[in-house]
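Listed after this line are the structures, all set down as structure tokens.
Across the two complexes that follow, chain A remains constant while its partner is chain B and subsequently chain C.
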Partner chain A sequence: MRAGAAIAAVKRRSASRASTLYLFALPATLLFVVFIAYPILWVAGQSLYSGTTDGRAIFAGFANYKTILGDPTFWIVVRNMVLWGVITIPVQMLIGGLLAYFIERHTHALRGFFRTMFFLPVVTSVSVISLVWVQIYAPYYGIAQEYLKHVGIIMTTSPIGDPKTAIYALIIVNIWQWTGFSMLMYIAGMANLPSEVLDAARIDGARGWRLAVHVIVPMLSPATKSLLLLGVIGTLQTFPIVHLMTGGGPNRASEVFGTFIFKQSFVLGDTASGAALSVIVLVTALVLSLVQIALLGARLSPAGKEQP
Partner chain B sequence: MRKMLFLATTILAAALYSASANAEQKEVTVWSWFVQSTMEKSIAAFEKAHPDIKVKYTYYNYSPEYITALKAAAASGSLPDVIGLQPGSLTQQYRENLEAVNERAAKEWGDKWAEKVFPVNRKQMLMGNPKGDENYYIIPQESQVLCIWYNRKIFEKLNLSVPKTYADLKAAAKALTDNGYIPMFQGAADGWQNENVFLMLANQFSAGIVDKAQAGETPWTAPELVAAMKAWKGLFDDGIFQQGALGAHAYPTGAQLFAQGKVGMMALGSWWMQESKFPPPLSEFVQNMDGFDFFYLPPVKDGNSASPPVGGIDIGYGLTKNGGKNPEAWTFLAELTNGVGLQEALNDLNDLPAFEGNSPKGDITDHVKEMSARFMADLPKAENQRFASPAVAEALDNALAGVAAGSTEPEAALAAVQAASEKALAAK
Partner chain C sequence: MMAPLTRNRIRGVVIHAVLFVVLGFWMIPQVYMLSIGLRTPAQAFDAALFTWPVTFDNFVTVIRDNPLGGIFLNSLIITAATVAIVVAVSSLFAFACAILRLKGSMLLYTTLLTTLMVPLASMVLPLAILLKNFGWVNTYIGLILPYAALGVPFAMVILKAFMEDAPRELFEAARVDGCNAWQTYWHVALPLVRPALVFVTIWQFIVTWNEFFLALIVLTRSEMKTLTIVPMQYSGLYMANPGALFAILTLIALPLILLYVLVQRAFVRGLLAGAVKG
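For the complex of A and B:
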């Protein structure tokens, strides 16, 4: 009898504890539902309708998706996004990792200065960055031209004004802006490396390049995985730098998902195809994230635990 | 107790006074991308004339901030009372959220009020309306005329005169380049500046042809438009525009270089005069517009005439459905477009008026007055600058960029514009 009462009391306590926990989760859940889940569902719903000239919306099924997939611009965007991800993510990781290694291992008094300098572009306004880089790229009177003329190079076109080079010119700006972030992630990763492992490796004769490649790089894999995941999501979210520097031109050569959605929805007023494009981006981001988690595991920070 | 009673009475009296003050002063909300400093002067003049009305103005950059804010507000039914508009596509996107202003305007300015609006503006006010809809959803505030501005001090220094032929224009561009100046700055990364130059060219080959193509009366692949597209490419190939123009922006880069005296010519419009009213320090060229004058693009082919004036509404305003419920909103809109508010904008040389009978007053030099008078004389005969369909404008922007870059032939580029035009006309 006494044991039964005790069990009942424990059950009551755990039920009360569970409801308290649900209560704690409620604000976050509400915020998620109002600001994330509902807008996603609303946009997904909009993508199945098309507008008429008198402002009515008629059900169109998957017609908007069909139109988007048949639009040659969509495939230019896909090509640009692949190039963006394939180039920016590894290059940023590589340069960011090297910077972190040299700053952490070979600078002492000026460590803070170098960290700040390389991180500065990350916190600089995109408007400022785009203005400066448009001037750097300008032939004839541009900043790069001022230096290049000393070695006999005359720029005849702007890299962002040529359909063949525009996307690469923008990728360079993006790498310049975000490498500092990769550097910071690797610095944080290095700070968490267990010193006993490094000491043991040194005792075993690992030095310099060998220590870096065979000990430090593998131990920094959580930071690398985080950068990979953030890089893919960041690629799909690209908008301001392209909008401000080329507007997706010339002749749509540097169009990315962000500028394409913006044009369809706000410039052309075709919110239905803008919504369809947004859903495509969302699904792509979701699939890519799940694939990465499945392939690389979910341990994305040095403190994180490997998922079984 | 007496103290408590006194305190309570005081608080109650203050609350009542505040409530009555708020009730007396009515508010009008306005959103636009219009220059904030000039709008503040217009609002101050309005509030002086109507002390019982308070205007709350929210300034946005045009793109992306303004157009995204409008879209979100329209979707949630929270548009302000008055919104800044461009004729054609922007007005049409919000037509369902706007009040037709015909009756209010007739009551304010008389039955024949529309005749006081310059013809090109009147045409643009109806642009894109469904067939049979003669309502006005936009009241224009300011007009503009497109032209080629040139730095007359640099021209004088290099012994150059205003180009009368294409050969003159090429020679002037060469002389400017040889002397270290940018010949004609084109911000060809901006679709709007490319459209403006193309309109100058197209109307030179056949006045009004772009309007006919928009209406489906002439194909975009017509020989005159193909010739205009080839002439457009020629401006890049012949060194009229600066090298690398396709990657350049008219604002702020081009405008700053032009104001600093590093550029010989630039295709802009009557709004350039306002540079002289910006806060100091101003360059010797911009001061009182001493360094600048304008001309129209000379004939690019034997047998052509110089480009006719092209222009129309610079900015207009619409009364939203929310504003329709607020009587003070129309009062403000009327004063802003053809009253004390407009006068302040004109005095600031923001641009030309949209209604006849208005002119800038105050501290303006004879040189500026003379240029303003020339623009005003040309405005009544201006060709239309605006596009009814954003999809057609977008297709033309892409065509112009593709041809300029050499990645598309003029005929193929215009065929793409024709396809976009047919689609837009079919949807209407």
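For the complex of A and C:
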């Protein structure tokens, strides 16, 4: 009886101590609730209402979604997003992986120099980058048309001014900006390769190309999976490059989710369809991420042992 | 004995040469930006990567005519505050999960982790409305707190992994010595994960400094604008004067590039240390 009371007292005391320990978790939780969870719930709710002229909101069910899915622009956006992800992610992995391999395995004194220089586009302000590339692509005075002439590519108009090429021209800029990030992720992954394994493989006669393909590529697969996961989310939140270089044009040919949401919500002031679009992007991102995490065991960061 | 050595040396030279050529192409946009900024008005529209002679007049003009100092300060205030909050909040949370192992903290951790799967594009509309309701449009805090909320999950993943890897005996020893949780956090946990703190600080700084979408919507008054969102207005202002436009773009891009060059060694060290923990 007394022992039970003592245990209860200890429990009570440690419970009150434990509750103050929750202060460690409180600030992060508060930020999450106010600025992540609440806005998501709000936008999900809002996507089911439509505004009226006198400012009242009427429950509309899935009408906003139907309107969005019936909008031809939506399907241009879907096509552009698929192109964006399917081109950007593998090309960045390939170039970034090759750079990482040669820099890490074959340079010494200049290693830091190369790592830094190839990463610089990542830290260069995206709005600056966009305007520089507009100039590069410009007809008459841009350097792209001037120098590509010498290798047989004749450009009479700016590639971002042509509905057929605009999205590809933007994808090139995106690849250029973010390849340094892929490179650094692979460099981190290569730091993880135990040199005994490499030595053993070399003794077994694997060298050069075969060593790279059969030993190094499989061992870098955690980095590759992270890049895939981050690449998909990055694709879905594409905005500044498109907004600044083409504004989604010409004739909406290079529209992406970011610019589409921006226009619906802040230019047209159509909160209802902006909300429905936001939810579509959010659900797409969650589904694609969870599928990758479940099927591939992909992780969200180069470090850490999280169990997402 | 001699043959493989020279073959290795030749291969090394070739690989270096190839890397320099690739880098040369890779740097074209930045070189082009600087090159246009250094042109006289007569050469401004020349379709060439380099022109001669060079002039610094454009830089003098744009520094004289524009309040770049104030814009720089806006960027610095928002970024520094965000980084400070992210580092503090995420390290506290990581400590609660990895060291204190509070009941329910793993569930909370997994919940917060979902933030990393949320594309910013789907958050701008609800955040814009929320900030409007708070009266936080055109305020620093209106960007700082959402940035912090979006940045904490990544930082806490890194810091939690580092804390879990730290030897547990140190924390036991601290408790035996009579340290309470706060003292253990401050005197034991934080010093142990220093490389991770440096890495998280630098990455959060880069991301916040360059964030565009939310800043575009929240900062509409010109005296509140950050370096990342002003280039658009200059592209209109200096449409007929590319020299001045690209001089100002160079100045806008420069602070973060210089900062990265200064801290890149510590940044990569933190990244590599984190990779080994994976």
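Everything that follows uses one rule, which is that the second predicted complex is superposed on the first by the 262 of 308 C-alpha atoms of A that agree within 3 Å, B and C clash if a C-alpha of one lies under 4 Å from a C-alpha of the other, contacts with A are read in each partner's own complex, and residues count from 1 in each chain.
Basically, contacts are C-beta pairs under 8 Å (C-beta built on N, C-alpha and C of every residue); 3 or more make two chains touch, one makes a residue touch a chain.
What you are looking at is a predicted structure, and each value in this text was computed from that prediction instead of being measured.
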Which term applies to chain B and chain C once both are placed on chain A by superposition, clash or fit?
clash
After the superposition on A, what does A:F266 contact: first (chain B), second (chain C), both or neither?
both
Looking at the overlay, does A:F35 come into contact with chain B only (first), chain C only (second), both, or neither?
second
So in the superposed three-chain picture, is A:I58 touching just chain B, just chain C, both, or none of them (first/second/both/neither)?
neither
Is chain A touched at more residues by chain B or by chain C?
C
Mind working out whether A:R252 is in touch with chain B, chain C, both or neither, as first, second, both or neither?
first
If you stack the two complexes on chain A, which partner ends up touching A:Y140: first (chain B), second (chain C), both, or neither?
both
Touching partner for A:I203 - first (chain B), second (chain C), both, neither:
neither
Tell me the contact category for A:L295 with respect to chain B and chain C: first, second, both or neither.
neither
What is the contact status of A:L131 with respect to chain B (first) and chain C (second): first, second, both, or neither?
both
Determine, under the contact definition given at the top, whether A:M117 touches first (chain B), second (chain C), both, or neither.
second
Among 127-135, 145-153 or 163-171, chain C clashes with chain B only at 127-135
Chain B and chain C footprints on chain A meet at residues 131, 135, 140-142, 243, 262, 265-266, 271
Show me the residue ranges of chain A that touch chain B in the complex, using the header's touch definition.
53-55, 131, 134-135, 137-142, 155-163, 166, 243, 245-247, 249-253, 262-263, 265-269, 271
Within their complex, state which residues of chain A touch chain C.
18, 21-22, 24-25, 27-29, 31-32, 34-36, 38-40, 42-43, 46, 99, 102-103, 106-107, 110, 112, 114-133, 135-136, 140-143, 145-147, 176, 184, 187-189, 191-192, 222, 233, 236-240, 243-244, 257-258, 261-262, 265-266, 271, 274-275, 277-279, 281-282, 285-286, 289-290, 299-308
Provide the residue numbers of chain C that touch chain A in the complex, in ascending order.
11-12, 15-16, 18-19, 22-23, 26-30, 32-33, 36, 45-49, 88-90, 92-93, 95-97, 100, 102-103, 105, 108-130, 145-146, 148-150, 152, 154, 156-158, 160-162, 164, 181, 185, 196, 206, 209-210, 212-213, 216-217, 227-232, 235, 242, 245-246, 249, 252-253, 256-257, 259-261, 264-265, 268, 271-278
Residue ranges of chain B touching chain A (in the complex, touch as defined)
63-64, 67-68, 71, 89, 93, 95-96, 130, 182, 188-191, 242-249, 252-253, 257, 262, 390-391, 394, 397-399, 401-402, 404-405, 407-408, 427-428
